[in-house]
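Order of writing sets the labels: A, B and C. Residues in every chain begin at 1.
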Amino acid sequence: MCGIIGVIDRTMARMDGSSIKEALSLMDERGSGEGAGYVAYGIYPDYADCYAIHVFFDNLLEPKTRVDEILKQWGKIIHQEEIPTYEQPGLKKEHISWRYFFKPFADQKVGTTNPDDDNVKQLVMDINGNVEGALVFSSGINLGVFKASGWPEDVANFFRIEDYKGYIWLAHNRYPTNTAGWWGGAHPFNLLDWSVVHNGEITSYGTNRRYVEGHGYQCTMLTDTEVVAYLFDLLGRRHGMPPEMVVEALAPPFWDVIDQMPEKEEEFMRTMRLTYGSALMNGPFAIVVATKDGIVGFTDRIKLRPLIVGENGPRLYISSEEAAIRTMDPDVESIYMPRAGEPVIGRVIE
Amino acid sequence: MAEPLVIDVKGMHYSPLNKMIREAVASGVKEIVLNNVLGQRFIGNGVRGDAKITINGVPGGDLGMFMSGPECEVFGNAEHAPGNTMDRGSLIIHGSAGDAVAHSMRGGKVFVEGNIGYRGGIHMKEYEGKRPILAIGGTSHAFLGEYMAGGIILVLGIGHEPAVEDRGIGSGIHGGEIVIRGDVDDKLLGVGAKKVEFTDDDLVRLSPLIEEFCGRFDIDPTPFLDTNYSRIIPASARPFAGKYTWE
Amino acid sequence: MSLGSVPLKYKISIDRDQCMKCMRCVDNCSYGVYRIEDDKILIDSRKCTACHRCISMCPRDAINLKERPVDYRSHPLWTVEAREDVINQARTGKIILAGMGNSVDYPIIFDRLLLDACQVTNPSIDPLREPMELRTYIGKKPSKLEFTKNNGDIDLKTKLSPNLKLDTPIMIGHMSYGAISLPAQLSIAKAVAKTGTFMGTGEGGMHEAIYPYQDHSIVQIASGRFGVDIDYLERGAAIEIKVGQGAKPGIGGHLPGEKVCADVSCTRMIPLGSDAISPAPHHDIYSIEDLAQLVRSLKEATNWEKPVFVKIAAVHNVAAIAAGIAKSSADAVVIDGFKGGTGAAPKVFRDNVGIPIEAAIAAVDQKLNDQGIRNEVSIIASGGIRNSGDLAKSIALGADAIYIGTAALIALGCRVCGNCYRGLCPWGIATQRPELVSRIDSDVGAENVANLIHGWTLELSELMGAAGLNSIESLRGNRERLRGYMLDQGLLDVLQIESMGA
């Protein structure tokens, strides 16, 4: 059991992290103090064209030397620094959080239509799979994940997330079950532009994992949520599917419903299920995924986890609990509960 | 009549709050008003007696769980599983509620003015004089009355045509009845559920409930006092009979 | 010097107090164990095969059978079987022929695999109340969806290849008319039609009695090409090229002329009473590109409307071979493990050649996944699948569906006596003798086989529900939901599963 909340301001007006911290803390009952995290989009305007690579280092010696080498081999480090942190009595600092602002060399990758993203994806897989003592936990442009083992308020204060301003925020309060609470296991999970927070458990993880592994991803975070980020990257970025379609692939209608669809729709969904059967996600889950263009929330096909949506003008909220949304925004309107598997989408308006 | 006990629960944890409620009810307080409720779980949990608890705000999950006697009136939405394993008393919710409303409810009433989520009334049961009631003004998502073993679920579908559009109604039902305004598409019926005609006798039997529900939410009951309902009952009290063979 | 006789394999006795001399045993035994003399039922136990026909027909439970009534001196190496085989071959100088599957006591990997269930962190699902999807499509799948976006509308460009739609991932494998009787095959055909799945015709062509069920048939084309013409190919819902069989990898088959009766001769399109010999290889396939050629030839002949499967025996290099097949335009790979059944196989092959299906599924699934093409081809597993537990484990290891053979025959009465090659099957299954064949009523047989499929399907649903899965896709290759029970590290690595407790 975990608590999740996400918000987007569709006009891209930026919000600091103070209210989401409060909202997440309200759901402390859903966590266990073993992990919490936040991701915000639009927080690095000074490096708006760089990949912001956040890394947990066990120390700044060998692991960092190796990561520096890998990054320099594949691109240029525009700037790097330790992510500012502030000691909290309730939080044990287990890693040094570091960030690089990185530009990949455009000509280093062939055979792809998206060389920069593929380049960064590959070096993330390389570092996380092969460099002991280093874990890339955030790798998108103009966004950043902040997470650790601890209660939401401690993690927020540790990174002082109120100092960051973003137009999308996702947050997660963890009650770990599959694996012990460790910093890398906290949510959000991120790869490139994709960030994921997840409540529940993916019982199809083994199948989904094999599927993404067959397509060039490595699961290194020891938990099921990671695979969601990779599925979105594969289907959304590499197969070019819009988020509604990705959700249709991951939480498709039941066959008996598909059988009753009009012919064209039936063919579409049947083809979708045959193509992406191994991407179908089973088990109880409520998930919110973010990219720079928006957020999408959805639950499993039989709605085994809660998900509530609220709107207020340009702002769209998605959370495990209505109370959390109201904590962020007491004036929220049109609270509703989406159907199982129904995508709730908030897109930025350019 | 004593003054109601008014508590501003802003920022309060549910544990001290419930302690206060329990002590107040034990000391004879008949009316409690909770203001600024936001996410506090377990309100009224296991409380006996006949107090009235007014909840202004959005209470957290398991509202009135194991409750035996009091009435909780909520001015706001309720979250997951209000009326969970409730024994006696009532929940009156001026708003909507989440999933698993009235889960395993044994007795009393849960009235929800708006909609409910998935698995409403799951495994409601009845025994002798105890016959739980779940009444919904709006609509319900899938698996309504799943595994239902007793009691009544009423869905008026106000503002929703048809009243229920989600699958699995009464899936595994082996006791009790589900009454839904208007016709229900057969393909929405769950395994073991069967639809029967809603008769004049049924109307006579259920009119007091319909009137009471409407009365609580200031709705004119007249348009609902006809036989335009579908009644869903168990095809058998033994849905698992015939599933097994002996070793 | 005479070798004398070896002891009885089975000893039959009759409880004379119970026996009412109804003579059913006498009538039912096609091996001649019983005869009447002076109003007494006499027994020749040496002829007994332990087929249990007499026991199951005796209204008084008066018959008893004891296996190995005579002890040998026990010896761990020189088992009774080893000694008797030597004696047999010393006598005959021939290859020992055997029926049914591998009878060596190899460890059964299925029995060392444990399935998972939900507790707390995810709810189990009751398949009777909530949707449970077992529908399985067998055939080629696209690697990705191709579509175009036209102002918000999505137009699908991908065209699916033909797939078989199964209501349950249990199919019945190829047992030819000839190897089994027509009523046996007809029972199976009716059963698969009833349960929304498919059966293999085997390599013996299709008898016209099966035509009404042809939409549920997979027609097989083997090295002997018996009964193969364009009509036959068009009748099948799918076509299967049989390269090998788990019970006898690397060798061909041989239906003795005695079994080639008039009907078999006309179905196979060979002369009456002649041996039907299937060569070891297909003589138009000496390499992988030749296989691709045959696959495409079959597809061309049938207008690319039929999925084409390729069946191979699970041999040591099965993964690489399957990967080659996957790239040949074939729609599914059938892997037959070394415990698969057979009507007749040289014992030395049956008991020694090939690998178990569990390891083969895991290896093939992994190899295809490594190459990024797992999703594009289906894997059908067979060879020693005994119950729904084996079925669930096969799928969790990576199979899309299974074939059962022996289990279906047991549902028709077979007691696995292993004498199929003698053509005297008292259950009317592995025989063409009219008086024996007539013992199967195909409607009753169909009911029994359909019951079996239904029972396993229910159990599979329950297992999946307990594991919190409501769709078969999510079980497939989900090795996280398996644990090994005292398996060695080498095998755990091949199966890519953790040990129990891990």
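Observations
Keep this in mind: a contact is a pair of C-beta atoms (placed from the backbone, for glycine too) under 8 Å apart; a residue touches a chain by one contact, two chains touch by 3 or more.
Just so you know, these numbers come straight off a predicted model, no measurement behind them.
Listing every chain that touches chain B and chain C alike gives A. Taking the CA centroid of chain B as reference, the farthest chain centroid is that of C. Separation between the centroids of chain B and chain C, computed from CA atoms only, is 53 Å.
Centre to centre, using the average C-alpha position, chain A and chain B are separated by 36 Å. As a whole-number value, the distance joining the C-alpha centres of chain A and chain C reads 46 Å. Of all residues in chain C, those that touch two or more other chains are 130-131. Within chain A, the positions touching two or more other chains are listed as 302.
Shared interface positions of chain B, i.e. residues touching 2 or more other chains, are given as 143, 167.
Residues 118, 120-123, 125, 130-131, 133, 135, 137, 141-145, 147, 149, 154, 156, 158, 160, 163, 365, 368-375, 396, 467-471, 473-481 of chain C touch chain A in their complex. Residue ranges of chain C in contact with chain B, taken from their complex: 126, 128-131, 455, 458.
Listed in rising order, the residues of chain B touching chain C in the complex are 143, 146-147, 167-168, 171-172, 190-192, 239-240, 243, 245. Residues 38-39, 41, 58, 60-61, 77, 79-80, 96, 98-99, 115, 117-118, 141-143, 166-167, 187 of chain B are the ones that touch chain A when the two sit in their complex. By the touch criterion given at the top, residues 26-27, 29, 257, 260, 302-303, 306, 308, 321-324, 326-327, 335-337, 339-340 of chain A touch chain B in their complex.
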